[in-house]
Amino acid sequence: MEEQRVPGRYGFEEIKNNHLEPWPNPHPDRDYVTHFEIPEFTCLCPRSGFPDFATIVIDYVPDGYVVELKSLKLYINAYRDRQISHESAANTILNDLVELLKPRWMRVVGDYTVRGNIKTIVFADYAQPDYQGPRPDYRRYLPTGM
Amino acid sequence: MEEQRVPGRYGFEEIKNNHLEPWPNPHPDRDYVTHFEIPEFTCLCPRSGFPDFATIVIDYVPDGYVVELKSLKLYINAYRDRQISHESAANTILNDLVELLKPRWMRVVGDYTVRGNIKTIVFADYAQPDYQGPRPDYRRYLPTGM
Amino acid sequence: MEEQRVPGRYGFEEIKNNHLEPWPNPHPDRDYVTHFEIPEFTCLCPRSGFPDFATIVIDYVPDGYVVELKSLKLYINAYRDRQISHESAANTILNDLVELLKPRWMRVVGDYTVRGNIKTIVFADYAQPDYQGPRPDYRRYLPTGM
Amino acid sequence: MEEQRVPGRYGFEEIKNNHLEPWPNPHPDRDYVTHFEIPEFTCLCPRSGFPDFATIVIDYVPDGYVVELKSLKLYINAYRDRQISHESAANTILNDLVELLKPRWMRVVGDYTVRGNIKTIVFADYAQPDYQGPRPDYRRYLPTGM
Amino acid sequence: MEEQRVPGRYGFEEIKNNHLEPWPNPHPDRDYVTHFEIPEFTCLCPRSGFPDFATIVIDYVPDGYVVELKSLKLYINAYRDRQISHESAANTILNDLVELLKPRWMRVVGDYTVRGNIKTIVFADYAQPDYQGPRPDYRRYLPTGM
Amino acid sequence: MEEQRVPGRYGFEEIKNNHLEPWPNPHPDRDYVTHFEIPEFTCLCPRSGFPDFATIVIDYVPDGYVVELKSLKLYINAYRDRQISHESAANTILNDLVELLKPRWMRVVGDYTVRGNIKTIVFADYAQPDYQGPRPDYRRYLPTGM
Amino acid sequence: MEEQRVPGRYGFEEIKNNHLEPWPNPHPDRDYVTHFEIPEFTCLCPRSGFPDFATIVIDYVPDGYVVELKSLKLYINAYRDRQISHESAANTILNDLVELLKPRWMRVVGDYTVRGNIKTIVFADYAQPDYQGPRPDYRRYLPTGM
Amino acid sequence: MEEQRVPGRYGFEEIKNNHLEPWPNPHPDRDYVTHFEIPEFTCLCPRSGFPDFATIVIDYVPDGYVVELKSLKLYINAYRDRQISHESAANTILNDLVELLKPRWMRVVGDYTVRGNIKTIVFADYAQPDYQGPRPDYRRYLPTGM
Amino acid sequence: MEEQRVPGRYGFEEIKNNHLEPWPNPHPDRDYVTHFEIPEFTCLCPRSGFPDFATIVIDYVPDGYVVELKSLKLYINAYRDRQISHESAANTILNDLVELLKPRWMRVVGDYTVRGNIKTIVFADYAQPDYQGPRPDYRRYLPTGM
Amino acid sequence: MEEQRVPGRYGFEEIKNNHLEPWPNPHPDRDYVTHFEIPEFTCLCPRSGFPDFATIVIDYVPDGYVVELKSLKLYINAYRDRQISHESAANTILNDLVELLKPRWMRVVGDYTVRGNIKTIVFADYAQPDYQGPRPDYRRYLPTGM
């Protein structure tokens, strides 16, 4: 039996009107790494339109700017109805964030659930030409599903 | 860079036109249990419209009919744009399947990812009045995410 | 270096002014179980005032009412500055929720982190006198810390 | 039912009056690594005032001084009512300890629980200009929560 | 580059000419349980002819006869090119073994890998009418794949 | 009781008529890594004809072409009746994929289940002569069986 | 190099002068369970005098009294130099606590590390004659060593 | 290069001359359970003479006597060169120990490593006719191999 | 009750008459790694004659020859009655295999179960003087016991 | 009820009279690594006299001598009544073993259980000036407690 209350819509609006928001880096004098793990990424398969599910893992060393967390969440939510391939999603998210933040280093990983009995993960990274700072190995800190 | 190919649509059609399909039970003379674990359930929060994610776990002892697997998958996919609460999803899926299959026993569990720092799981079950067969404890066999 | 922005206060207000909120049970004709796992409970030790940390796990079979999730989260947040013992926290949360919801069955577990090299967990439950429905074994579904 | 005893206050006093305490390094002739894992860090979100929870992991190679364990615990407890961002907490703790101990190398990691469906971890490190000693990879030895 | 040696064929012959072999129960005066876990079951999907993979788990309390291990292995190998549904495989194996051994109690479980994003497990059991002996809960002792 | 429906054959056809399909790399200007994990590889032992089971793990950095997922699945299915040794399978799959895609770097791993009480894994890799891009350590992301 | 400071002795005194301390049960009207897990129990082998190590796990339903945590820790510390067998330790701790608290139900488990290639665990419990309350299954919540 | 020292033989003698040793039960007035886990059992396959490996798990409630640990270890070592089947080993060990100790209840489990791609576990138990005491579920507390 | 059948002896013969067998490397033009994990190694302690148990893990890059799997299994079985120390077993197996296969690189690890409350693992490796190929980190892929 | 037998004392004597014993290295021509994991280290806190517990992990590449295992166990047992800090224990054990064995490389790690809600691990290593052999990363192979 469905909810009798009138379903709220503010979530749709926030996702539709959201823009990735850069904040000034509070500690620009140090190469510190920030790791984001976003287990609730879903988009649509380009060939069929069937749903795909993944965890997006972002590691980056900010330069002038850090990304504001809520705007990152809404940016990821916006992929829900978008038809995009495994390879392109990781590369597109990396391109969008690099363009916004111009980080010293950044890696974006798309860890997709099994499709056609095959598990697929795509790793894409970027670094400023002269970058010498840390490049931590890829690791998942949350319990992973399939 | 997005796909140059024209994105396929057959997935949308299959989900939209799908109906839960009952098949005759190949072994009606025995109370055997079938367990389904469906980690890719997503719907929309009734209050906000933000996405919710869960694993739906179904255990049942069929009587006259078993549910055809592909039609079950498409039925679950159809919740993608539906605003429904944690409690109602598990109870609604149970009601729909009981109405279709009239099983001897069935349990549907909605195992939701964390929202507002709280993990929520809803367990709903049904049994024919005179049912004496097995009622296995709830267990997850796939690695679980959050 | 601290944030230059003026720190927001709306969180304090919401926690202070919050009341546990009962919603009508959308499926009162069935004994279905709802499981909540709240890993971010913290209060203060009655003897010393030092911080204590725990996960609160609530399982209940609603009768007329279910508890609204956001109000439950704020109710738990309100223990942050309250001096209360391991035994009393679990029993107090159970008493408050039973009084609010009058559930058919409910269990509240306080799973405390190690203190004095000893791990302590307190299990308290309640059932309506004539209750015959499910009483699932205690289980944690989230990865547990110490 | 609350404690009838009058709640003790000595914990509040110790935290309020505490200062990070340096002790002479008992083995200054060797670059040995000390690893601290502090799973009970809590502070307040700068934007909302809602509670945040993290595990702070410190690895360092002491030079002249080691940090006294009890004073480190009380220093961490003092963040309970402080509004500070994910990035700043790790960097601030690193700055405070580097200033106190002048270690040969030190890394501070803030491993935050999930907020807005996103897991965040911040890694900040420091080394004396000419430091050639060990820099162990980041690892957690305690069971981790969310 | 394939093997230059002429590939051996004795495996094909053994599987083709095999019959399930009953041995006299060495300890008929006791209701002891034997558990077999067979992770390398593969057959063909009845609808498509695509391969399906499962672990077959057999628990039984022998009466007059035990099953000889090698003949059980070859019997399972013989499903490689057989088109049979998830429900029917577990029930068929149970029927064949009950007919051969007339055990006091037996359970056969077909634990199938994920198909169409859904994990399926089928549990079928049998007991002599007056059987009062042990019926252990279903458990896997080997590390499980998907 | 076997399926009354006439068993479908389209799966056999698709596997028999399949060819590995190269697609243009959507992001050729970056050395991004794609990881495939295929837990349902089965072939026949060259010495005996008995079945062997393995997980095939492919990591590669595409140059001009990526491999289309469905054609990769059908290529792997085609090993079902082929007699090939542990060493040769990994090397053959690597040779076939290198010849098709001419990747910048690729590693193929055959992780075989236990035979004769011994667990065997074969690691084979290839790189273009001047390749300087990432070569991630070997890792399994799916739960592994034996 | 040893500590230059004069080693403190207050720990020895507290352990030597300690007595198990009963506190009034704050919630006597309910059969709630308290679980203690004490991983740092050590005593001496009665046959050799060599050290033995164990985790002591106590579950009990208090009647009039609960045990004060600090006094329980010191009571366990006092076994350090005591020669006592695996069977007797669990039974002796149970006898001492039952005599002090007169609980409605209590179980004490001694989970010993491996000796002579054999792992030993001893389970001893007590209940008031007419006791009908909960008797939870034995479970460990802390990560266990050997 | 082998050991230059003359290899000791006292181990052979102790195993050859050993007899299972009963000790008086220190706490006969209580039905307490003792659990032994012996991961280093090896014997020889009756059909081939090839080595078999298992973990023997013994749970029992002693009546008048407990088994002395060292004599149990040497009794298990004595199976090294004995040809005995999976079913018979568990039943034989149970028979020998029941005859020696006359326990109130005892279960012996033989958990064999994989042979012919099949994992086998045998569970055999015994109870005095009027026994009403605890019969804990079978559980392994040590990390298990294959 | 023992087996009535006359115990077979062919296993003893095969182990006694076995010789490590080199096969031509099917892919000599590539530095591919083969990993063997042999969890059922047992020998006798040189000091006492008591049994020791270990897992032997072999990683190697073949040059002209690969080792035939069955002959490797029988070679390991032959250590059952041999008195040899922890250090010597790993080094001896490495020496024997290097002499037979003349590999480009090889590592042998003896991972012994706990003796005297101490876990011991011995790592021994060999490489051709000019070897530049892969040297993978040591890793276990099978579930490990003690 | 305590043991009626007179408690044996030979363990005390062995620990008191023990000296770390060097044995000639059976394979001095190779840089092989030996790993010891000793989970039962206990000493006394220098500030309070309360017990501390740790796992000591030793990795070393022997030169002329290896350490005899029994003498190492007794050396560790001798810390039971010794007041020593976390930092000093690891460094002291390293100094004692380096002085005895003059190894090519050695690392000693003291992995202490939680004290004051903080987990502490100390890593100390030593190498001969010109040492070029293996220095494996730190890893635990036994299941770890707290």
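Which chain is which? They are A, B, C, D, E, F, G, H, I and J, in the order written, and residues in each are numbered from 1.
Just so we're on the same page, contacts are C-beta pairs under 8 Å (C-beta built on N, C-alpha and C of every residue); 3 or more make two chains touch, one makes a residue touch a chain.
In this text, all values refer to a predicted model and were calculated from it rather than measured experimentally.
Chemist: Write down the chain pair with more C-beta contact pairs when F-H is set against D-J.
Modeler: If we tally the contacting C-beta pairs, D-J comes out ahead.
Chemist: Computing the C-alpha centre of each chain, which chain sits at the greatest distance from chain H?
Modeler: Taking each chain's C-alpha mean as its centre, the farthest from chain H is A.
Chemist: Could you state the distance in Å from the CA-based centre of chain B to that of chain D?
Modeler: 44
Chemist: How far is the middle of chain C from the middle of chain I, if each middle is the mean of its Cα atoms, in Å?
Modeler: Centre separation, chain C to chain I: 54 Å.
Chemist: Would you kindly tell me how far, in whole Å, the mean C-alpha position of chain D lies from that of chain A?
Modeler: 28
Chemist: Residues touching two or more other chains, restricted to chain A: which are they?
Modeler: 1, 3, 26-27, 39-40, 85, 88, 91, 113-114, 117, 137, 142-144, 146
Chemist: Going by the contact rule at the top, pick out the chain B residues touching chain E in the complex.
Modeler: Within the complex, chain B contacts chain E at residues 25-27, 30, 32-40, 62, 66, 69-70, 72-73, 134, 136-137, 141-142.
Chemist: Give every residue of chain I touching chain J within the complex, in rising order.
Modeler: Its residues touching chain J are 85-88, 90-91, 111, 114-126, 137-138, 144, 146.
Chemist: In the complex of these two chains, what residues of chain G are touching chain J?
Modeler: Residues of chain G touching chain J: 1-3, 5, 7-12, 14-15, 39-40, 42, 44-51, 53, 55, 77, 80, 83-85, 88, 91-92, 113, 142-146.
Chemist: Once bound in the complex, which stretches of chain B touch chain D?
Modeler: 113-114, 117, 146
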